[in-house]
Structure formats: structure tokens, C-alpha cells
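The structures come next, written out as C-alpha cells.
Across the two complexes that follow, chain A remains constant while its partner is chain B and subsequently chain C.
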Partner chain A sequence: MNRKEKIECIRRQKYFVWGDVVVFTAAFALVLLFFLLSFLTPAAQGNTFSVLYRGEEIFRASLSEDAEYVFYIEDGVGKVSAYGDGESYTDYNVIRVSAGKVSVTRSDCTDGTCRHFGQIAKGDILCLPHDLRIRIDGDGLETDV
Partner chain B sequence: MKKTAKRVAALGVLLAAACIVFLIESLVPPLLPIAPYVKIGLANVFVLLVIVYFGAGQAFLFVVAKNLLTALIAWSGFAFMLNLAGSLCAYFVMAGLYAAVFPRVSLVSVSICGAIVSNIARVSVVVLLMETPSLYLQLPFVCVFSVAAGIIVGVLTILCVKHLPERLTNYK
Partner chain C sequence: MKRAVALLLFCALCLLCGCSAPSYFVEFSLSQNVYSQGEKLSKSEIARLQEDISALLHEIESQVSTETVGSDIDRINAAKAGEKVYVGEHTAAMLEICGQLYKQTGGAFSPALYNLSRLWGFTPEFEGMYTVPRAEPSSQEIAEALSVSSFDDVRVEGNVVVKEKDDVRLDLGGIAKGYMSDCVRALIAERYPDFSGTFSVMSNSVLMGQKQEDAVGLGYTATLENPRADVTGGVSANGALYFTGLSDVAVSTSADNYRFYVYDGTLYKHIIDPFTGKPSQNGVISITVLVPLSQENAGALADAYSTAGFCMPLTQALEFYRSLWEEQGIGAVVITSDFCYDVVGGYTVLQPKEYAALTRPELEDSVENVFSLREGEAQDEVVPCQKEREYISLFSQE
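Up next, the complex of A and B:
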């Protein structure tokens, strides 16, 4: 079938054809497989969290205490300190620990990805522009899935 | 293949439209908050249109040009790698399936496969760059989201092919 015939075929064809059943079945099987792998992978809730800048751990704190920290980059070095409302930072992410969960509440990164992770009790929060990773230190999170 | 002025002009218009749609989409907050780096990929409508009307060879150049142009307008190293990996994977899958199995499956299915592979590639790039394999736990949700995204892109592409006047899409 040449290009022109294919275009004619799209014009005549309905949105879905019977062959799509195979694709939808494969997609469903893939989702099921990933769900199974997700549930089979242990993801225990951690007691501490770490802040990693450029892959290196620069800070670790407990999840049991509610607190606010600020990560900021100064002269190319990533630093974390207790957050003070009055102070101003550049290249920063405000990290809030509340009820055993971590979230990024404010940041000046370009895409705001880190803020959209919400409150997490397992897994990671990433800030791609700042090369920042906030990791919940629980057993079984490092997976080979 | 003879590249007439009309073909080049049409590719240019589609490229501009793809870049605009891509940039507008990047301004929209993430639709899947647990995996903010996955996206619908509305610009794939134009990639699919180029595959349909111009062939896979020119679509490859189109995808590379789209990524370079959008990177020039809004440079971010991470975003560039994410977008390049996502769009190239989507292109290879969509072009391959369109050549091999269309019309036994519809354009919507071609688009769904492209969206799934594209978003898995995006997650993989984040995992590689940030060394966070735990992000693979999001894949079930990413796949479900991708199926919905693929349906949207596929239906939009079919609508374009069905309703664009033939004088605008006849480049011979």
C-alpha cells in the first residue's frame, strides 16, 4: 500500500478498527505487569530522609520531627539549613517535613517539577534544574524493576 | 524525492506549529502529579502528520529539528535530554508501526504505542540521570496516562487528515 492509498484509508477508516483490540490487550497486559512488579517490590516507609546534590548526600534528617529546611546552591555548592521565613535565597527549594512525610513547598526552579510530587512517605522527590534529589531512606526502595 | 517549495513550506509551517504546541504544553502544570516529567505530547500530532504525508525519512529530520528549535527557545539540559529521548522513541515506534501494520491497526493504536514508549523513555532518562530506580514504580500510572494521551493524539491526527482540505495536503 503506497502513501496515497494509506492517506485515503485514514480518511475512510473509523477511529478504531478490530486490529486495535490486539494493541489495547497488549497495553492492558503491560499495565498489569507493571502493577504486579510495583506491588511485589517492597517499599517500606523510612524513618529518615536524605538530600542529595549532584548525586552526593549532603544532609540527612529524621521524619519524626516536623520541620522546614531550605536547600540552596551557593557558589556551586549545595547546602541545607533550617528555613527562616525572612531570609531570601536563590536557587532554592524549601523542604517541609510534616506527619512523617516530605514535600517541597516552595522553589525557584524553572519547571517546578519538585513541587508537583506532593507529600511523599516513600520514594524520591526530584528537582531536575537544581540536580537535587530528596530520598526517603527505607529498605527495599532501590529496585531492579 | 523531489522537494518542491510547497513541500518545504508545508514542513516549515508544521514545524512551527509543533514548536508552538510543544512550548504551550510545557507551560501547563503536570497532569500526572506523581510523575511530573511525563506529558501528553500534543506535538506528536504533527510528527504523525509528517509521517503520514511526507514519510518516515523527513519525519526523522522533523523530530530532530523540533527538539533543537524548542531547546533554542527554552534551553534546559535535563528537559532537552528528556524531550529528545521521548520524541525519538515515539518517532521510531510510530514510523515503524505505521509502515508495518497500518491499516490493520488504526492510527490511534500507532499513537498509543508511541506515547507509551515515549513516556517510558522519559522515565528511564530521569532514572539514569538521577540514579533513582524507585521511579520505575510509577510505570503503571505512566502507562495508563500514556494510553489516554495516545488516544487524544491519535484522534486529533485522524481529524486533521479527514478534515484538512486536499489542496493543503497535496504536495506533489
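Up next, the complex of A and C:
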């Protein structure tokens, strides 16, 4: 079979031959590896968390102390204080710090999405109705630029 | 069937690549908390602004890049002596600023060093090989390159550039990113009056207006990147020093930890001294310059001034920066290989521990102060400290 016939034969092939299987398996393995690496590589965990209202930081506390805080909006201003069980708030989210993790345990927001983030040790919890973001801080010092 | 599988794999790879690769060469970042006349810009407004800025940066880059065939600089470099080269508005503006800076710095800042940069292996064609240890070029090669590396051999009249020697070649790398930051600032100011926010074009940052919603009360803050992070312990090793209380200022840093190599115990940096034709060896490892935005071309000046100090004896560089402070309110921080630093001007510069005490007290014990404020007068002779020798040894061949 000369070169021209070989090329014509390859062109007519409908199905995989062994060489194709090897090449595609290797390519699939690479794609899978990169995919898993991008999702499974652990991000650095922080020592503190910050509360941001309308994009601005209004509160920061340590993750090493178990505590409960409440975020609430009063006259359009976002505030955070230690949570007292008996007190009542409007436009609020209760933030619990436990074993170095943060969660929102109660809130009166319209969608309740913030409560479904669960306990986090990295990343953010968002509450869009209250324009609230709870962020686990990075390990280092931060500046504007 | 095979084609379909191949296409699927190709798409998957493209998606994965897209996760991390920047969409354009010049890295640009705009803060997400930006204000105009006290009103916060919406996410869609910011996205539109970023798109327009990206297009602007592309436009400038296509005129001044030495790598782009047919760019203004490419055509100037290829031109014969006496040949008129017509250039675009950005190239013309940059060359005019370069002319002023060349004169003001007595030639320490020069955009005509492309031949020398190439001789020492720091031009883009050597990308990926910058750190490969290599012997110095011969003194004859240096002398030959030096003879065609004077900006005096380039005449600029408006948008016409004429060289007096065939082989003179330009490289606007020492000013282009700063100039770009000026253009970005002009675009933002035109569209959003009384703008407050920050952005960066590579290592050139612009802090516009006053910081809004300043919860910590420090004004804008900036990190002076640690050029010796590789031999620094503690958390936040990437920060050498911290600026606080900033507003309406352009900040630019030049340092020796990008494009360098170590050979026979000497660190060769990409910043070429136009007087010796060799990589700068004045003991300086990092210079940060802060130019108030009230100065015309603040970003371009900050970029160029942060390079110029590498090409003067240390005491002369500090004297130069002192004159800039007295005459124009321009500040500077100069770090040397004995791990000392000098602050010129009235800007607040904090050590990592001081900055941590103000912003993250729980980290005060975990961060490391790397450099010390110089006691007494600086000398031209800088003796590298133990940590510096340790850093250089990281890149030395066995």
C-alpha cells in the first residue's frame, strides 16, 4: 500500500483504531486531571473574617473564638454587634463562628440563600437582599493596591 | 465521530485555559469599589468601563510595542538614518515626555537602550531564558552597542521621528505602562467626574480621589512589593513596606526581581545603565516613586523616575529624589542590597509590623520586618548583607 492509498484508507475509516483510542484516552486523562486540580486544590484558610455591607468592610473578627454576631441595617447603615438572644432586629443575619468556621444561622432576608452556604472556612457567604458579604480573610496584610 | 470527540476535547481545553489566562498582554486591574460624585458605580458600569480601558490599552500597545511588526517603534528601529518615520499620537506623546526626562535626568533615563538590552538578553525575544546564567558580553560588544544607544541621535518633531544613525533602536518599556495609566485616568475622569477609586497597569498604580467609606481611617494604602520575598519568612512575605494616607497619587515601582540572572555571584538586572552599557550595579534593588496627580503625566513620570535612580550613584540618586520632593512634591523609597531603605518626602511608610498593628493586630507577631530605615547618610558603596548573599545564592549555579 503506497502513501496515497494509506491516507485514503485512513480517510474512509469510520471507527476508532487502537492508535486513536490511545491518543484520545491520553487527552481525556489530561482534561480530567486539569479539571480536578482546578477544583480540588485547597485554598489557603484565613484567621479572621470580615463583614462587608455594600462592598465596604464594616467589621472584622477572629475565627479562633467561637461567638455569635448579628448584622443588621439601621437607617440604611449596616452594623454588626454581639448577638443577644432576647433582642429583636429587622433586616438582619445572625453570623455564627464555630471551630474556625463561619455560617449564617438565622436571617429575615427574602430568599434565605445565605443560610444555605453552610459552614465555610474559605471563600464568601453572600446575602443579596441585604447587600451583605461575609468574607474569610486571606492570611496576609491587605492594601488597596 | 472522531472529529466530534476531538472538537469536544478542544473546547474543554479552551475552557480550562480560559480559567487562568489573561485576555490581553498588559495586565490591568480596576478596583470594584469606585465612586463618581459620591455615588458607587454599578457592576455593569464598571464592566463597560473596563472594556473601554482594555481597548485603549490595546491601541497604545499596538503603537509602541517593539514586538509588534509594523508598530511605530518597530518602524523607527528598522528605519535608516535620515528617514522620516511618521508615528501615532501616543508614540509622539511618549517620545516628547522621554525627551524632557532624558534632559532632566542628565541621560540616566533613556529610551534608546534597546541594543544594549538585547545584547544582555533582556529583550522579549529572550523570554523564558532571562534567568539562564551567562557570561558578560565582551567589552568590545558593549562598546559597539553603546555607540548606537544615545537618545541624542534621535530627533523628534511632532509626529515625525528621524534617526541620525541607522542602528539606533528605541524601547519605551521604561515609560509605556506609566503613560498608559495616565491615558486610563484621563478616560475615567472624562466619563466620571469627581472619581474615587484605584487601578493598576502592571506595577503602575493610580489612586484617584480620596478613599470612600474608609472604615479603618488610613486613606488609600499601598504595598511596596518585597523584592526579596524568596528569603523572607512570616506571613505576608510579599510586602516589604506599606504606604498609608494616600490620595490622588500615581505609584510606580521598579525592582531587580524581574528579568534578571545570576552569574559568578553577581545579579544582573534588566535595567541597563546608559553610561556604562551594563546592568545597573549601584546597590539599589527597588525604587518606588509617588507622584501627585496634580503633576502633568504623573504616571509616566513615576514610571520613568523609578527607573532613573538605578542609573546614578546611590548618593546622587537620593539627591535627585530630594530635589524632586522639594520642587514637585514627588516622594520616593529606595531599597538597597544591604537591606536598608531611604524615604524621600513626606509620605507615611510603615514597616509590616506597624501596618499589621493598625489593620490586623492578630498578625503583628507573624509578619517579618525585612528592611531597616537607614541610619545616617547613605554611601555610594553598598555592601550586600548576608540575606542578600543568601538570595543571590538561590539563583547561583552549583
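The working rule: the second predicted complex is superposed on the first by the 96 of 145 C-alpha atoms of A that agree within 3 Å, B and C clash if a C-alpha of one lies under 4 Å from a C-alpha of the other, contacts with A are read in each partner's own complex, and residues count from 1 in each chain.
The working rule: a residue touches a chain if its C-beta (ideal position, glycine included) is under 8 Å from a C-beta of that chain, and two chains touch if they have at least 3 such contacts.
What you are looking at is a predicted structure, and each value in this text was computed from that prediction instead of being measured.
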item: Partner chain(s) touched by A:Gly118 [first = chain B, second = chain C, both, neither]; value: first
item: Which of chain B and chain C A:Arg133 touches, first, second, both or neither; value: first
item: Which superposed partner A:Arg3 touches (first chain B, second chain C, both, neither); value: first
item: Partner chain in contact with A:Asn47 - chain B first, chain C second, else both or neither; value: second
item: Touched partner set for A:Phe35, first chain B, second chain C, both or neither; value: both
item: Touching partner for A:Glu57 - first (chain B), second (chain C), both, neither; value: second
item: Between chain B and chain C, more extensive residue contact with chain A; value: B
item: Which of chain B and chain C A:Asp20 touches, first, second, both or neither; value: both
item: Where chain A meets both chain C and chain B, residue numbers; value: 14-16, 20, 24, 27, 31, 34-35, 38, 55, 141-145
item: Chain C contact footprint on chain A (complex, rising order); value: 14-16, 20, 24, 27-28, 31, 34-35, 38, 47-48, 54-58, 62, 137, 139-145
item: Contact footprint of chain B on chain A as seen in their complex; value: 1, 3, 6-7, 9-11, 13-17, 19-20, 22-24, 27, 30-31, 34-35, 37-38, 41, 43, 55, 110-113, 116-118, 122-124, 126, 128-129, 133, 135, 141-145
item: Footprint of chain A on chain C - complex, ascending; value: 1-2, 5-6, 9, 12-13, 16, 19, 31-33, 40, 198, 200, 205, 207, 211-213, 215-216, 220-223, 235-236, 238-239, 242-243, 246, 251, 352, 355-356, 359-360, 362-363, 367
item: Touch list for chain B against partner chain A, complex; value: 29-30, 33-34, 36-37, 52-53, 55, 76, 78-79, 98, 101-109, 112-113, 116, 126, 129-137, 139-140, 143-144, 147, 154-155, 158, 161-162, 169
